[in-house]
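Below, subunit A partners subunit B and then partners subunit C, in two separate complexes.
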Partner chain A sequence: MKLIPCPLNGLRPADEFIYAGEVRHMPDPAQSTDADWARYVFHRSGVPGVKQEWWCHTPSGYWFIAERDTTTDEILRSYPAAQRKVEAS
Partner chain B sequence: MAWRLLKIGLSSRYPEPRMFRQPARLPKGADVVIIGAGGHGLACAYNLAKQHGIRRIAVLEKGYIGSGNTGRNTTIIRSNYLTPEGVRFYDRSVQLWRNLGPTLGLNLFYSTRGHYTLAHTDATLRTLRWRAEVNKHLGVDSRVVNPDEIARALPMMDMSAGGHAPIIGALYHAPGAVARHDAVAWGYARAADQLGVEIHQQTEVLGIDTRGGRISGLRTSGGNIATNCVVSAVAGYTPRVLRMAGLTSPIYVHPLQAMVSEPLKRWLDPIIVSGSLHVYVSQTARGELVMGASLDPRELHSTRSSREFMTDLAQHMLDLFPFLAGVKVNRQWAGLADMTPDFAPIMGRTPVDGFFLDAGWGTWGFKATPVAGETMAATVASNRNHELIQGFDWGRFERFELTGEKGAASVGH
Partner chain C sequence: MMRRLPAVEGEWIDRSRPLQLRFEGRTVTALQGDTLSSALAAAGIMTVARSFKYHRPRGIVSAAGHDANAVFQIGHEPNQRGDQIAAREGLAFQAVNTRGGVARDRASAIGLLARFLPVGFYYKAFLGQRSFPWFERIIRNFSGLGRVRFDRIDPPRERRYQHCDVAVIGAGIAGLAAAVSAAEHGARRIVLIDEAQRPGGSGLWHAKTQPQDVARCRELIDRLNASSDVELLCSHSVVGYYADHELAVSRIDREDGGLRLLRARAVVMATGCIEQPAVFRNNDLPGVLLGSAAQRLLYRHGIGAGERIVVLGANDEAVALALDLVSQGLTITDLAVPEGSPIDPTSLPFGALRAAGVRVHGNVRAIAAQAGSDGTLAAVEWLGAGRREQVTCDCLLMSTGWMPALQLALQCGGSITFDAALGQHLPQTLPAGLFVAGRANGCFDFADRATDGAAAGEQAARHARGDLPVADRSAPPRSTRRHSHPAALFAHAAGKEFVDLDEDLTLADLANAAQEGFDSVELLKRYSTVGMGPSQGKLSNLNAARQLARVTGRELPTLGLTTARPPWQPVSLGALAGARLAPLRRTAMDAWHDRHGAVWMPAGNWRRPAYYVGATDTQQQIGAEVHAVRNGAGLIDVSTLGKIEVMGRDAGLLLDRMYVGVVSDLAPGRTRYAVMLDEAGTIIDDGVVARLADGRFYITTTTGGSTAIYRELQRRVAEWQLDCTLHNLTGHLAAMNLAGPRCREILAQCTQLPLDDKAFPYLALREGHVAGAEARIARVGFVGELGYEIHTPCDQAQAVWDALLHAGAATGLRPFGVEAQRILRLEKGHIIVGQDTDGVTNPFEAGLARMLRMNKPFFTGQRSLQALQRRGDRQQLIGFTIAAAQVPLAESHLAIDAGNIIGRITSVAYSATLGRTIGLALLAPAHAVIGGTVQFRDDHGAFHPATLVAPPFYDPAGERQRSGAQA
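And now, the complex of A and B:
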């Protein structure tokens, strides 16, 4: 089985993890228009690439960030959630 | 037969004509260019030529025709959806499917089998009742059946599903059918070609040009084409095509895997689906079991197969049909599914004038092939979204008016 590097627990089997999608920047709801908010809620960057993603190691309940190439499924690195970098789009 | 085979064997000339022409070079311009020569793109081209008299049509295909999800799906055709928009749309598709072989002059091996969606929990049974009532209201033949009736129809199935997920009912949909998927692409290709449509294989679209918010042309690996009208009918690549047109969308891509067993003597007539066990299965005319499951759990732009998929699906198959324990898996494969937040497609006009989308076909695209072709062609010809696709329009997300199609395959209920 595929192994995933968890910053807390080291390499663990993939079925101990859940994937929770790309890290995204939330616009300020008070400042954004309905159209901008709809784009935040629904639109995704569907093109392939190296993406910052939310992952959780479920036995330990630990959430972290992994950078994964969505063309090869290779996880390039993973780190604690506090170190994530999200740019406003 | 034997004599004809011998004659063909001794002849140096291939005896049958090609199904369609292979033009040497791209046209300089076209009235409509369709990206993607799968069932949807070819059906759209055929309908544009046949129903709307448009002749200068080019269909561009990066690989070969039907090499995408048209040739990778599990060929199930049904209309027992949940939303009125979905039921009406797929019911029209089933009507078109029934006559499609004669229409295209090709045997599509269309075979009406009946379709059981199994319920193992009260929550699923509730959704199935809901679907049955919506279906009946719209004149589609679906009803909830009890375990006795299921056991009589499917005596080979373990009604306790291995003891851990007893079957408490099912949605039975008599029109459920299967068809030969490659033949659908080839039939549409030939019929479109005979009406003057040009099909260009091995031609990859590299860029979409716009001028003042309107489509002005396409750049491809085979040269440029000037056109004011482009239809994107690709699967798995929609976000990349949209990026060329300067658009983003809610579509995200996950692989959907499937596998097929060695051929067996015919024992399974209907199509069986269990959302809870993540199984759908039918038996082909050749006797193979075609099996599918749920989407891969994360975004991935690769048609690789995984061992986890095969073992999980085999385990769930054995819950329902323990006697298959000695049967071998012949092969497995994957397709790239364009998923949407509401499990309904995104069809019709887009914010770019002259750029039309036939996308977001996730796990439900093959069965829609004829109706997608018909409605997209009407939409392109009139520059107005066809009545049957208005619930699938591009703008519904911005209006927060989703279509909520939980009747889609591989969606947990």
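And now, the complex of A and C:
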């Protein structure tokens, strides 16, 4: 089983974590068309590469961001959610 | 015939401790330290199994569990590996694939049908066949290894979790050196794992010809035994190598062994090589075995592999083998060296061999074995130097090549490459922290294996400490010459040259498969099933690839390899299942419910009473519970609700963004029903939000959603960086709902709180004491009667429950379960999220539009609802009634109109209160017309007309829950 570095709890086995998808930029609801909004809600990019992802260490209830290379399944780093960078998609 | 020799120095058996085993009804005398295979060998039983397809007699091949011949049924446990299971007094076992025992297997007649069982037989036979079920039954009866007892439930097997600095896989000379070296370089928790009963591997062979090597090996073993840093796990197999150095370690010396999950900081694989058989006619006869198998039998169990032994040898190891066996008093008559072998028969130390009476034959171009009347090896003939020669013998040892055991490295993401100079695969890239040493790393000389192992042990110890890797690990002392014949495949006009002993596949089978177009290793495997048997290609994958290369005119390295997947050795399903850790959550009143006849139903990971058993039948009991709530009072345990306190300056903001309505404007001491959506506008949860004070809210969630909703709230707090703290009280607080027209007078006996409508109105929440326990009490109306939901700490909840029941005894208060609650809420038309809604139901469709505050600045799902509102509803939740009482309709039964599906039932029950069947259905909007009629179809195809109505069915104005009006 994989080990995941939690910024709060250190290296812990993967089954203590849940994954909640890529960090995505929410477009301004008032400004976006139905099509743009639908793309935000339903579209997920499966292109392999380094992704910012939401992870939660469930015993401690701690959410953080991990940067993971989805081609190698290697977690490059992880940091608190406050430090995340969200780029407009 | 095999037999026990006089004592061999260093043997693993204890000749003073005989054992009696039962093999297929025969008594077999063995010794302490024997395996099942060696016990049979010592008793002279050459045929230990029948082959999978043709039921040919089979004997010991590897004596190491690398083949699937010596596989036995022990009691109810099928497929136990006889090479590795220790003999125990009284153990009874039998071959797994026979009709009437190995000696006279009636199914062996199937071998006569061999030419009607071509490669890819299943695919060919069943393509488009309507007779498949008939064929399937016959084949299932005939194939399969062993018998599974389906009527038996085994106790759960232990699952152990362990951490270590360095794990060393393989306790041969390289592994022993690695473990010692790792300890010397600071590793403190070292686990050394080997499949055999004792450490040493091949380092203990050649006791008389290379005594200094054996002495070195024994010295290392003694040092390990004296070390407190090393745990030695013999008779254990590493069956899986997972991410970040997690090893699945299976105990194999007992048929009921469990699994150990070992997390290492660094790993040394000193897994050695698997000796590969040569492929020639009748190479599967009992008596034809690997050279290494003869040495295992000799040095571990004191068994001679035969009286007159012929060696088919192609490498240095074959010469050493012959000299070694001769030195131990065995008779080697001939050494046949195939053409193209790495050794040159003209420049070898043949003087010693000749002196021992071994005749040496070079340039052997063809070889075939012959069976005697008992079906075991009787003679070998070969064609060499233009002459055909035949010798009688009872044992043919194959020593023609090796395959490094690198599958575990491949499992964890490593890669290997074919080294042409060495003529075998070598590690190419390995994950950080994995080091390969010894023969698996291409080092063949004894001293080189020890050196390489020590170097790997040092590297692993450094890696485990977190030190940077040593930049320049000197190149491993790899062998500079080949140790394998490039392709020891000898086709014969009469066939029966077995490449895969598990699956009875011959050279011709593989050639045919390739010619039919299955000419890549992966396709060849799937079509022919080569390498798919219990031994997973340990003895067949390489030879199959060689045959494919030969047939297609390609080079072996260009063919690649089939994907390596766990398990490396077979593991029983019971070991994989382990002891299940699925904790059942019990409410504080669980024991009371159990004592009072609760019939349990699962609710998330909790259990809840469905109803309480009484004097009458199920339906009458549930009816009586409903009747009590409608006419007197009832009490239900609702502790499984999610209960979360939300605190902080931004608590109201968070909840306003999560729920579809406004909650931040609630006055302290007030509650409101609230609905939560996901980003697509789908309903995911509902519950009650209460404001306790400024900056303090208390919310409930559905039972099933409590974990996910709490988590999502936490994520949103982190994402939006809110000043907000969440406290999950789900397990801390118990909750019970006291409901019914007479519940106020019951509660009044247990609390000082004023309960009149003015002081404690509908939807209010009060904090106080009930029966002396701190409690939050909310006036709720889920079941449509005057009701109080009491939340109180778990440790006091049973006392509160008891006090309420005591207070209500005179009023007819009775506990009710989930079944009654479902009917009660259905009468009120209250939805259950996940039952009356599905994965796409939005609030418009569920009749909850009145809850929405679309003019709020933001809530999750709001923007999607705006789009959905413009698009129009896809379905509509609506009520229906049927006058009859006994209607065989259930959830998910379909509504049909003119042959088309127009919707389905989401809830249905008979309401004794109303005297008719009521329900909710999701229907296409065009058909969801109040007053209309739809036809629901039951399981038997009968249609039941129902009248569509607007819920609620009962007390539509809600007078009863608001004022507690008496019936």
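Keep in mind that, in the parts below, the second predicted complex is superposed on the first by the 89 of 89 C-alpha atoms of A that agree within 3 Å, B and C clash if a C-alpha of one lies under 4 Å from a C-alpha of the other, contacts with A are read in each partner's own complex, and residues count from 1 in each chain.
One rule holds for everything that comes next: contacts are C-beta pairs under 8 Å (C-beta built on N, C-alpha and C of every residue); 3 or more make two chains touch, one makes a residue touch a chain.
What you see is a predicted model, and the numbers here were worked out from it, not measured in a lab.
Of the two partner chains placed by the overlay, only subunit C lies in contact with A:54; subunit B stays clear of it. Contacts of A:82 after superposition on the shared chain: subunit C is touched, whereas subunit B is not.
In the superposition on chain A, contact of A:73 is made with both subunit B and subunit C. Once the two complexes are laid over each other on the shared chain, residue contacts for A:46 go to subunit B alone; subunit C is not touched.
By the touch criterion stated above, A:15 is placed in contact with subunit B alone, subunit C being left untouched.
Annotation: subunit A residues 1, 14, 18, 34, 38, 41-42, 73 touch subunit B in one complex and subunit C in the other. For subunit A in complex with subunit C, the residues that touch the partner chain are 1-3, 13-14, 18, 20, 29, 32, 34, 37-38, 40-42, 54, 56, 58, 61, 63-64, 73, 80-82.
On subunit A, the positions that touch subunit B within their shared complex are 1, 14-15, 18-19, 21-22, 34-35, 38-39, 41-48, 51, 53, 70-73. Subunit C contributes residues 242-244, 246, 261, 263, 679-680, 710-711, 714-715, 718-719, 721, 726, 728, 858, 862-864, 867, 870 to its touches with subunit A in the complex. Those residues of subunit B that touch subunit A in the shared complex are 238-240, 242-243, 248-253, 297-302, 304, 307-308, 338, 341, 397-400.
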